[in-house]
Amino acid sequence: MATPILQVRDLRTQFAMPDGIIKAVDGVSFDLYPGESLGIVGESGSGKSVTALSLLRLVPHPGRIVSGEVLFRNQDLLQMTDQEIREIRGRDIAMIFQDPQSSLNPVLRTGFQVDEAMRAHGKSKADAHARTIELLTKVRIPAAESRVKDYPHQLSGGMRQRAMIAMGLANAPAILLADEPTTALDVTVQAQILELLADLNRELGTAIVMITHNMGVVAGLCSRVMVMYAGQIVEEGPVEQIFESPQHPYTWSLLKSIPRVDALRHERLRSIQGMAPDLADPPAGCRFHPRCPFRIEECFTKEPKLLDVAPNQRAACWVTMDRARREMGADTLIDIHPGAGSGVRPGEEI
Amino acid sequence: MRYHVRSVAAFAAGVMLLAACGNTSSGTSDTPVSGGTLNIAMKDDFKTLDPAVAYDTDSWSVERAIYNGLLDYQGFTTQLGPDIAAAMPTISSDGKTYTFTLRHGVKFSNGREVTADDFKYSFERMLNPKTQGPMTGGPFWGSVSGTADFYSGKATGISGIKVIDPYTLEIDLDSPNQSFLNVLAMPFGFVIPKEAVTAAGTDYAHHPVGTGPFTLATWTPGQLLVLKKNPSYFGTPAYLNEVDFQIGVDAQVGFLRMQQGQADLVQPDINMPSAQYIQLSTDPTFKSRIVKAPNVDIWYLGMNVNVKPFDNKLVRQAFNMVVNKANQIKVLNGRGVINNGIQAPPMPGFVPNYNPLGLDAKGQSLDKAKALLTQAGYGPSHPFPAQDLVYAKVNADSDNLASAIQQDFQSVGITINLKGLSFPAFLDVTGKPNTTALSYDGWIQDFPDPSDFIDPILTCTAANVTANGGNVAFYCNKQLDTLDDQARGDTNSADRLKLYQQIQDIVAGQDFPWVPMYSTLETSVSATRVHGYQLHPVWPLVLTSIWVTGGK
Amino acid sequence: MASTPAIATLSSRPSNARPLVRVENVVKHFPAGRGQSVKAVDGVSFEIRQGETLGLVGESGCGKSTLARLVTQLIPVTSGKIFIGDVELTKLRGEKLRQQRRQLQVIFQDPFASLDPRMTVGDIIAEPLDNFKVMRGKARDQRIQELLRLVGLNPNFDNRYPHEFSGGQRQRIGIARALALNPSLVVCDEAISALDVSIQAQIVNLLEDLQRELKLTYLFIAHDLSVVRHISDRVMVMYLGKIVEVADSTQTYTNPKHPYTKALLSAIPVPDPKVQRGRRLVELTGEIPSPLHPPSGCRFHTRCPIARLPAPCAETEPPLEEKDRDHLAACHFSSDV
Amino acid sequence: MTRYIIRRLGWMVVVLFGVAVVTFIIAFLVPGDPARLYAGSNASPASVAIIHHQLGLDRPVYVQFVDYLWRVLHLDFGYSYRYSAPVLPAILQRFPATAELAVAGVFVEVIVGLPIGILAATRPGSIWDRITMVFTFVTLAAPPFWLGLIFLYVFGALIPIFPLGGYGNGAPQYLFLPALTLGLGGAGYYARLLRAVLLDILPKDYIRTANAKGVTPGTVMFRHALPNALTVLVTQLGMDLGYFLAGVVVIETVFAWPGIGKQAVDAIFNLDIPLVMGTVLFGALLIVGANVAVDIAYTFIDPRVRY
């Protein structure tokens, strides 16, 4: 692949809360290549949204980026002045959000809000307006000329998200950060939006960072995927490879716990026992170890590094799935209980 | 407690005593100069300038400058003299017929000369129930022949008011009344021209026309009332060209304005609240500008003789020995004198150091009070029932005065609960029989004659009402009424005053419907450019003696 | 995928079991001002069989949550009848209705919002027992412990407060409360939608285990079709206040008889890139019409890829009829789907 | 919209009727005889009784009330007992002064309160936030009477740059101090309100969206955040305006401002029932009117609101 357009190095974002410092993003590093579609998956609280917000320095109060680099075209976004980062936002790197209902300003006309994305970056009013209609048409909003005058509440959920996407694409950004853009939508609308994003990715060459908790969304849209757990990346690699042969027990468990609509037989779901750790006081060693079926002694104390486990695939784990299968008969497990495979320290309660 | 309330008629009499000491006047020996404008800061707007209706000191302050009656007080005294009348009236030997000769050439400000018809018109209008004036229905004027028929509508005019010729007016009374000349001098007796009333329609109150030293130039309700000198005034012209009443100015702000030279007088007709009095008495500029004069008033606790436990005379007598009157005056910052009787100090017939119960210097005799209460059957086995003291909350002093009373009674083991009411509510509950047992009351004279201290507030007639009574003790003693009737008609002033002293003995030394406490001193202050400002014993404000130097 | 032993195959329960709940032509209209009304549920008939799990799917606004509240009589019907066993619920009022409702319990979506933060978990779980004065004292405490154990929580946690629990644990508390009175029907109204993926699976498994142990009947409502398909014996699909298809779960998914069902299924992403990229989306044009003014004829005709217009689709409402054995659909052209 | 306004006007009549009933009842429950005050407290019982009759106060209460309503329907609010003048002209004569003060007071509230609220909300927890909160606390807690006197003392007497009260026919130098006094207390409240509302709005998703577009902080505040705060502010403004219009008694008293509030208080002290009722009805009309105006304003501020 070409040179990365975005390089994130050791990003750490923390929230100072009354009961401690929440390490929401804790040492995240990754590269994004031009035109690719990268999925970031994880459950709520895994730090995937905060990662995306950190890239554009949009972390809400009381969050703070405490260290790291975000190199965009070799410039560190974290070191820029407020003015400089504002110029990047929406022009080079755009972001769209989960809930189009709440993410559009209810008192401003939809067209105006799309216009504004361009006018904030120097386009004239007339030009911006013409391009807005073009964009709305492109994201398949029917009768765009009249829709620009509508307020967000006059649009359906799907149309609102299309308008958001139009806003994101307004300045033909190099990168589009999409934070759970379909979660609030019905499945039929979700499918349309995902198709739209895939088309835009193909046609415009915009690199898309798709943040989602839905494995199916990643499977359909992304070429590469990063799995986050407790503020860290635990596994990363090409989509096919990760789904085919996940090496981190968390990724593996996650895939096993999702019912599939195309299942031919009723299989009992394999749930991951326990719950996500408290990020104010994360577990020592591997953060997944309290819930991991294959943990060994090292997992309790030593933090695993994100290392190559296969070509292009990296995982942060002392016991990758290959080893778990070999040594612990992973695939014969009926339920995924902590330490079930290794027999190390079994039997905790939920 | 009618004190400090705008709608109350407040009068001061007998001011000569203090005038002689020279501290009722802020004037200097400089020669008066004409011209200039006097600025007066007033808290409230004027109610009305219709003399038939107005019964409050603010309105009277202005009316006195606009109108004249037959008689007026001479200078700053309580001595009556002729005003529009050319001389004092001739009174028939039976004391019932008064004949007035009018001056020639007295003109209303509209240019027309005043005649006897104008007085007949003015009096009849003033007494006509349709005018809705307070003199309708009997007070003061009830002794004029034919008023009863006039009130009831049987007669279209008052037969006792007769125009003999344009300059001669005769007034007939049903019975002799030694206070009637004072009544004639009240603002209700001011003369107004019929055509002005007709022209003003229903709003004569705002379009007054009179004969006085000033005329009304403008009156913007809530803002400003301007008087201009009347060039055709028949008497000695005023020095001032103009008087501006700045309306709606709170007293605090009024004094600020005075310090800034924007106001010359503040609320000239009422006592200032204690807080301001203290403030001004320490101000280097203004402490020497403070003038004081005794008010003709009496403050007392009224005990309803028809209500337990005050139906027992022993209890009432005991109560008369408990109140620390000196302390009441202390609360008023010394602006008052102890009074154990029912007449005010400067009044004719006043008995100095009157003390029928042998009270101490504070007005107390606690041991005797306790003995009387025991005699009345109260003691440890039968404690005196707690009493409500009803009083009007009119300013910051009201509560303090009442609390002091509460403490006084605590010392003889009597519990007093304070019941402060708004002024209207206070008037309402104290004016109804069998409603209020104990109240903190005051009476401020209508005119400087002892009869005004008896008739409306201590007679059987005044007690025999169902509402709005002035006799808050609902006290009725036939013997007192007989003496009072006798005094009213007695043409010998020395005998007459003796009769009033007898009445005082009955009330304060025998029957005890009241606990008399004190009479107050009026206090006022003027700016340094004001000269000739004096407190009048009757009038709330006399403008004709004032001249100003410097300023506008 | 690696193979694991199947715990229970689909349609393992008899399809001709006695119906526990019978819903006959139920209508629910909500007034919407100016004399209009939202036809949230507009003439729906179905039955829930003893011991089965009936899945109910549809997009937001299709009326599925309203239907859930109607079945449990949390809101009254506008017209139609609902029977539980032989008792006509819609006829009952007051105390009689309250007693019948013991059999019908609901597990709600938001486990946090539905638990009173000032009550201990024990009191929350025992609330239905207290309401119906079923048991008190020691028996009550034992029942609380039993229920906590049943849903996989430490029985000694009964004195704790909801905020001390995670989302998944709270949902277990919600389930324990629903089970307190031994209900015959449990309505799961988006009961797992707010949970994280890894926790969802715990709860789904728990619900399945409980059903087996306690012979429960479920009406399982969710917008996640994968989960519905996983847990349900039969699936019912709603569109704009109407049922468009009811069938055995496998039938519905493998052989849909209604174009809407087919479109819905095609839209669900499969978490397998190889499979997902080979799937074809049946795209639906336009938006869901307003339930204030539903389209004439077949309500789906405005978005239907196979509709024949105007007749019959825009003119005649297709009845919900058996297209195959035990497979009902409301479509004029179900054979073309 | 038209239907809505008609409906609201209908309600207005109902509200005003209710207000009339309640005021009338209260006026009759308050102890004291208006005739006594009208005649003067030294007036004799007989003359009070005659005036009582003349004023029609001896008729049954319901007769008086029906008579009152009937006259009000004909815009005849009766005669003031105290001023012997018709009530409605008396109110209308004084209303312009009150209106002027009310508008100026609201203006001060806005131009002082909003910037402070914005400052506090954009830097929560900062020293600025604390300073502004102290300011708002002080202005909120300071009794207007006291504040007015302080202003008069400082700017009228100590540094005599403003007149010591008075109306001056509405000249700006007369208006300044009363408007400031009136507005400052409100400004503190507005600052708090706006801070609270903005602290609620600023974390909203659409603000994040605006920031993600790269618009300037000023645009985010003034175009995205403030318009969303407007409904709350306008509600309060409307209430304030109505309240101010209905008469700001204390301020008018301190500053010798010839408005309807001062008049109303005098009327209450003097049991001037026709004037009290007239003022209350007039004030209620203004408050209800302000509320209707606010509701109509919503449709311009928030496109989601439709009637």
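Note that the chains are named A, B, C and D in the order they appear, and that numbering of residues resets to 1 at the start of each chain.
Definition applied: contacts are C-beta pairs under 8 Å (C-beta built on N, C-alpha and C of every residue); 3 or more make two chains touch, one makes a residue touch a chain.
Predicted, not measured: the structure shown is a model, and the values here were computed from it.
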Chain A omitted: connectivity of the other chains: B, D | C
{"item": "Central chain of the complex, centres being mean CA coordinates", "value": "D"}
{"item": "Pair with more cross-chain C-beta pairs in contact, given A-C and A-D", "value": "A-C"}
{"item": "Where chain A and chain C are represented by their mean Cα positions, the distance between them in whole Å", "value": "30"}
{"item": "Chain A and chain D: spacing of chain centres that average the CA atoms, whole Å", "value": "53"}
{"item": "Gap in Å, rounded to a whole number, between the CA centres of chain D and chain C", "value": "54"}
{"item": "Separation of mean Cα positions, chain B and chain A [Å, integer]", "value": "90"}
{"item": "Multi-partner residues of chain C (at least 2 other chains)", "value": "none"}
{"item": "Category of the chain touch graph - line, ring, star, complete, other", "value": "line"}
{"item": "Chains grouped in pairs wherever the two touch, ordered by label", "value": "A-C, A-D, B-D"}
{"item": "Chain C-touching residues of chain A, taken from the complex the two chains share", "value": "43-44, 156, 158-159, 186-188, 190-192, 194-195, 213-220, 239-240, 243-244, 253-255, 257-263, 265-273, 275-276, 331-332, 334-335, 349-350"}
{"item": "Contact footprint of chain B on chain D as seen in their complex", "value": "30-51, 54-55, 82-85, 90, 93-94, 97, 149, 152-153, 156-157, 160, 163-167, 252-259, 262-263, 266, 269-271"}
{"item": "Residue ranges of chain A in contact with chain D within the complex", "value": "53, 56, 58, 60-61, 82, 86-91, 94-95, 97-99, 102-109, 113, 116-117, 120-121, 151, 153-154, 164, 167"}
{"item": "Residue numbers on chain D that touch chain A, as the complex places them", "value": "124, 203-206, 208-217, 219, 223-224, 227-228, 230, 301-304"}
{"item": "Chain D contact footprint on chain B (complex, rising order)", "value": "2, 5, 7-9, 44-45, 47-48, 50, 53, 55-56, 129-130, 132-139, 151, 202-203, 205-206, 220-223, 246-250, 252-253, 256-257, 259-260, 262, 421-425, 427-429, 431, 444, 446, 456, 462, 465-470"}
